[in-house]
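Shared between the two complexes below is subunit A, which pairs with subunit B and subunit C, respectively.
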Partner chain A sequence: MEWFGDPDEVFSENKKSQSGVRPQACILCRKGASPSGKGGSNTGDLTERLMEELNCETVFTLPVLGGISESVVVTWIIMAVLVIASIILTRNLRVENPGKVQIALEAAIGWAQDFFEGIIGKENRKYVPYLITVILYLAAANTIAPLCGFKPPTKDLNVTAGLAIMSMFVIEFSGIRKNGLKHWVKHFAEPVPVVAPIMVLEIVIRPLSLCMRLFGNMLAGFVVLELLKCFVPLIIPIPVSFYFDIFDGLLQAYVFVFLTAIFMTEEME
Partner chain B sequence: MIKLDMGIVYTIINLIVLYFLLRHFLIGPVTQIMEKRKQMIEDGFQNAQKMQDEALQMKQEYENALSGAKQESVQIVENARKSAKSEYDRIVSEAGDKAGSIIESAKETVRVEREKTMREMQSEIAGLAMASAKKIVGDGAQNGRELYDRFLREASEKTGEGSEDENRG
Partner chain C sequence: MEALIAIGAGVAVLTGIGAGVGIGIATGKATEAIARQPEAEGKIFKNLILGCALAEATAIYGFIIGLLIILLL
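So, the complex of A and B:
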C-alpha cells in the first residue's frame, strides 16, 4: 500500500488521528474546568473538539478513487480479522469428535442459520450467508470502539448508507427472484392502486430507516460516551461503554439484519 | 459530520468482498461439516432401523420355524407312539395266538400220545390176557394163586411204575 497525495497533509492527518483526540479533549475539559477559563469559550472548544472527533478523517488519498476515509480502513481491518479468524477456526473441522472450538463455532453458525431460516423460510436459505456476513460485520464494527480503540465505522453515515443500499438491493432482488418481475411491479398496486406511491416510497424508506437507525444509535452512543469521558474520565465510562457500545452495538446489529430479513420475507410473499 | 461520498461505494464493495470471503472461509466449511454430520446421523438411524427390521423379520422366521418344528416333533412322537402301540398289540396278539396254538398242539400231541399209549397198553394187556388165558387154559391151571401172582408179576414188568400206581390206587 502506498501513500498518495500530499505527504505533509497525510502526515499531519495521521499525527492528528494517532495522537488521539480523546486525550486532547480531556485536556481541554480540564482546562475548561480551571477557574481562569471562560464558560462560553470552553463550551465552544468542547463543541469543536467533539465535531472534530465525530468527523471521519481521510486517512489517505488514492488517485482517481479519491480519499479513503477512516471508516473504510477500519472496515478493512475488521474484514481481515474476520477472515483470518475464520481461517484459523475452520482449520481442523471434523465430522466426528469435534473440538470445543468447533462445537462453539457450529453452535454459533447453527444458531444464526436457524434464526434466519426461521424468518425467511427454509426455501430461501441461499440468502442466509449474506445475512450472517452482515451481522458479523456489524457486531464487530459496533463493538470495536471499546475492544480495539478504533472509531466504530458504523458511526460514519457512508458505511450505514452502503449497508442499507445493499440491504435494499437484496430485499428487492429476493422479491423479484422469488415471484418474478411482473409480480414485483404489480405488488405496488396492492391491495388498492391508491397506495402505489407509498409502496414505491417504501423501497427507499426501508433502507433509509435502516441506515438512519444504525447511524443514529451509534453516533448517539459515541457522543454520549465522549462527553462522559470529558467530564468523568475514570471508571464511570466503563459500564456506560458496556451499555452503549457492547449491548446497544450488538442490539443494533441484530435489529439491522432482523429487519432486513423481515423485509425480504414481506417482499417474497 | 453528515456527508455522503465515495465511502458508500467502498462500503458496498467491502461488504460484497467480505460476503464472498466469509462464505468461502467460514460459513461454507462449517455448514458443510454440519450437513455431513447430519447426513451421517441420518444414515446411522436408517441403518439401525433397517437392521432392527431385519432382526425382527429373522426372529419371526425363527419363531415360525421353531413352532413348526415343535409341532412336527409332537407329530413324530405321536406317530411313533401309535405305530409302536400297534406293533406291540400285533406282537402281543401274535404271541398269544402262537402260544395258544403251541399249547393246543402240545395238548393234541399229548392226547395223541396218550391215546397211542393206551391203545398199545390195551393191545399189550389184551395180549397178556390172551397169553395168560392161554397159559391157564394150556397148563390146566392147577394153582390159581400161583397163576395170579405170575400174571401180576409179568404185568408189572411190562407196564412199569405206572401200573404199580394204578395197582396201588
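So, the complex of A and C:
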C-alpha cells in the first residue's frame, strides 16, 4: 500500500478513517509493502521515510496564496468545529433557571479563568481569553490523531512556530503595555548592563524553546507510535497511543499556555 | 559512513539521561513536599509540571538533533 504517493490521496485516506480507525499501513516501515524493500533496518530507507514524514503535503493550491498544506486544512477544520461549538453552546444563555449545559459551561470557563488569573494576576485578566483560546486549539490539535484520524497539525514545525511567534508578540506587548516602552527598553540592563545581550537573546529564545518543545513532543510521540505499529500492529499501540497522543498532547497544550502566562507575568512585573 | 551517522544520532539521544535524572529528582522532591504539606498539593503540582516541562526540553532538543543528523547528513 503506497501511503504517501499522492498528497491528495493521502488526505482522502485520512478523511476516510474519520471513525477513529487509523489505516493499518505502517508509515515508517513498509516491510512487505514494497517488494523491492531491503528490510527495515537500512538507515537510508529510514531517512527517506522520516523526510517524507517531516514534509507537509500540499493538499491543494490557491491561485494567489500558493500551496495550502495539510496542517492548514486540519487547522481550518478545528477552527470551524470550535466556532460552531461556541456558537451553539452560548446561544440560549439565561440568568434565571439555567440549563444543565450552561451550568457545566460556566463551571468550566470559571475554572479556566480562575486558573489563569492565578498565574498572571487579577489586574491582567484581559489576556485570559487569548490564553484559553490557545489552550482549546492546542488540546484539539494534539488529540485529533486518535479521535478523528487526521494528522496532528502541531507535528508541522510551521504551525508551532506560528503559535510561538504569536506568544512572543503577546509577551513583549504585555510588558510594554503595562510598564511603558521606556521601562521595557531599560529592563534589558536590569541587574547589570553586562547581561544585556543575553536578555535581548531571551526575546527569541523563549518562543524558540516553546516552539521546539511542542513540535518535538508531538513528533516524538508520532515516530514512536509508528515504529511500534511496525512491530506490534495489534492492541499494544492502544494504551501507548493514550499516553502519547491524549495524555502527552493535553500536557503539552497545558505547558505551552502555562509557560506563555509565566513569561508574561515575568515581563509585566 | 552510515554507521558513523547512526552512532552520532545515538549519542545525541544521550541527552535523555539528563532529562530523566532531572524529572526523577523533581518528582521525588515534590512527593516529599506533598507528604509534608498535603494542603499545598495544588501549588506544588503546578511547579512540578513547569519544572518537568523545562527539564524535558533538553531531551527534546537531543531528539531533534538526532533527527537532524539522520536527515541532513
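Just so we're on the same page, the second predicted complex is superposed on the first by the 216 of 269 C-alpha atoms of A that agree within 3 Å, B and C clash if a C-alpha of one lies under 4 Å from a C-alpha of the other, contacts with A are read in each partner's own complex, and residues count from 1 in each chain.
Following the convention adopted for this analysis, contacts are C-beta pairs under 8 Å (C-beta built on N, C-alpha and C of every residue); 3 or more make two chains touch, one makes a residue touch a chain.
A quick note: this is a predicted structure, and the numbers were derived from the prediction, not measured.
Participant: With both complexes overlaid on chain A, does A:176 touch subunit B (first), subunit C (second), both or neither?
Facilitator: After superposing on A, A:176 lies clear of both subunit B and subunit C.
Participant: Considering only the touch criterion stated at the top, classify A:95 as touching first (subunit B), second (subunit C), both, or neither.
Facilitator: Touch partner of A:95: subunit B, not subunit C.
Participant: With the two complexes superposed on chain A, say which partner A:224 touches: subunit B (first), subunit C (second), both, or neither.
Facilitator: Once the two structures are laid over each other on A, A:224 reaches no partner at all.
Participant: Pick one for A:156: touches subunit B only (first), subunit C only (second), both, or neither.
Facilitator: Once the two structures are laid over each other on A, A:156 reaches subunit B alone.
Participant: Where does A:250 make contact in the superposed view: on subunit B (first), on subunit C (second), on both, or on neither?
Facilitator: Touch status of A:250: no partner.
Participant: Using the superposition on chain A described above, determine whether A:132 touches subunit B (first), subunit C (second), both, or neither.
Facilitator: first
Participant: Check whether A:77 is in contact with subunit B, with subunit C, with both or with neither, and answer first, second, both or neither.
Facilitator: It touches nothing on subunit B or subunit C.
Participant: For subunit A, which side has the bigger count of touched residues, subunit B or subunit C?
Facilitator: When the residues of subunit A touched by each partner are counted, B comes out ahead.
Participant: Per the contact definition in the header, classify A:113: touching subunit B only (first), subunit C only (second), both, or neither.
Facilitator: first
Participant: List the residues of subunit A that touch subunit B in one complex and subunit C in the other.
Facilitator: 51, 54
Participant: Taking the touch rule as given, give the residues of subunit A at its contact with subunit B in the complex, in rising order.
Facilitator: 51, 54-56, 65-69, 71-72, 75-76, 79, 82-83, 86-87, 89-90, 93-96, 98, 102, 105-106, 109-110, 113, 128-130, 132-134, 136-137, 156-159, 161-163, 165-166
Participant: Can you list the residues on subunit B that touch subunit A in the complex?
Facilitator: Contact set of subunit B toward subunit A: 1-12, 14-19, 21-23, 25-31, 33-34, 36-37, 40.
Participant: Quick check on the complex: what are the subunit C residues that touch subunit A?
Facilitator: Residues 2, 5-6, 46, 49-50, 53, 56-57, 60-61, 63-64, 67, 70-71 of subunit C touch subunit A in their complex.
Participant: Going by the contact rule at the top, pick out the subunit A residues touching subunit C in the complex.
Facilitator: 43-44, 46-47, 50-51, 54, 209, 212-213, 215-217, 219-220, 251, 254-255, 258-259, 262
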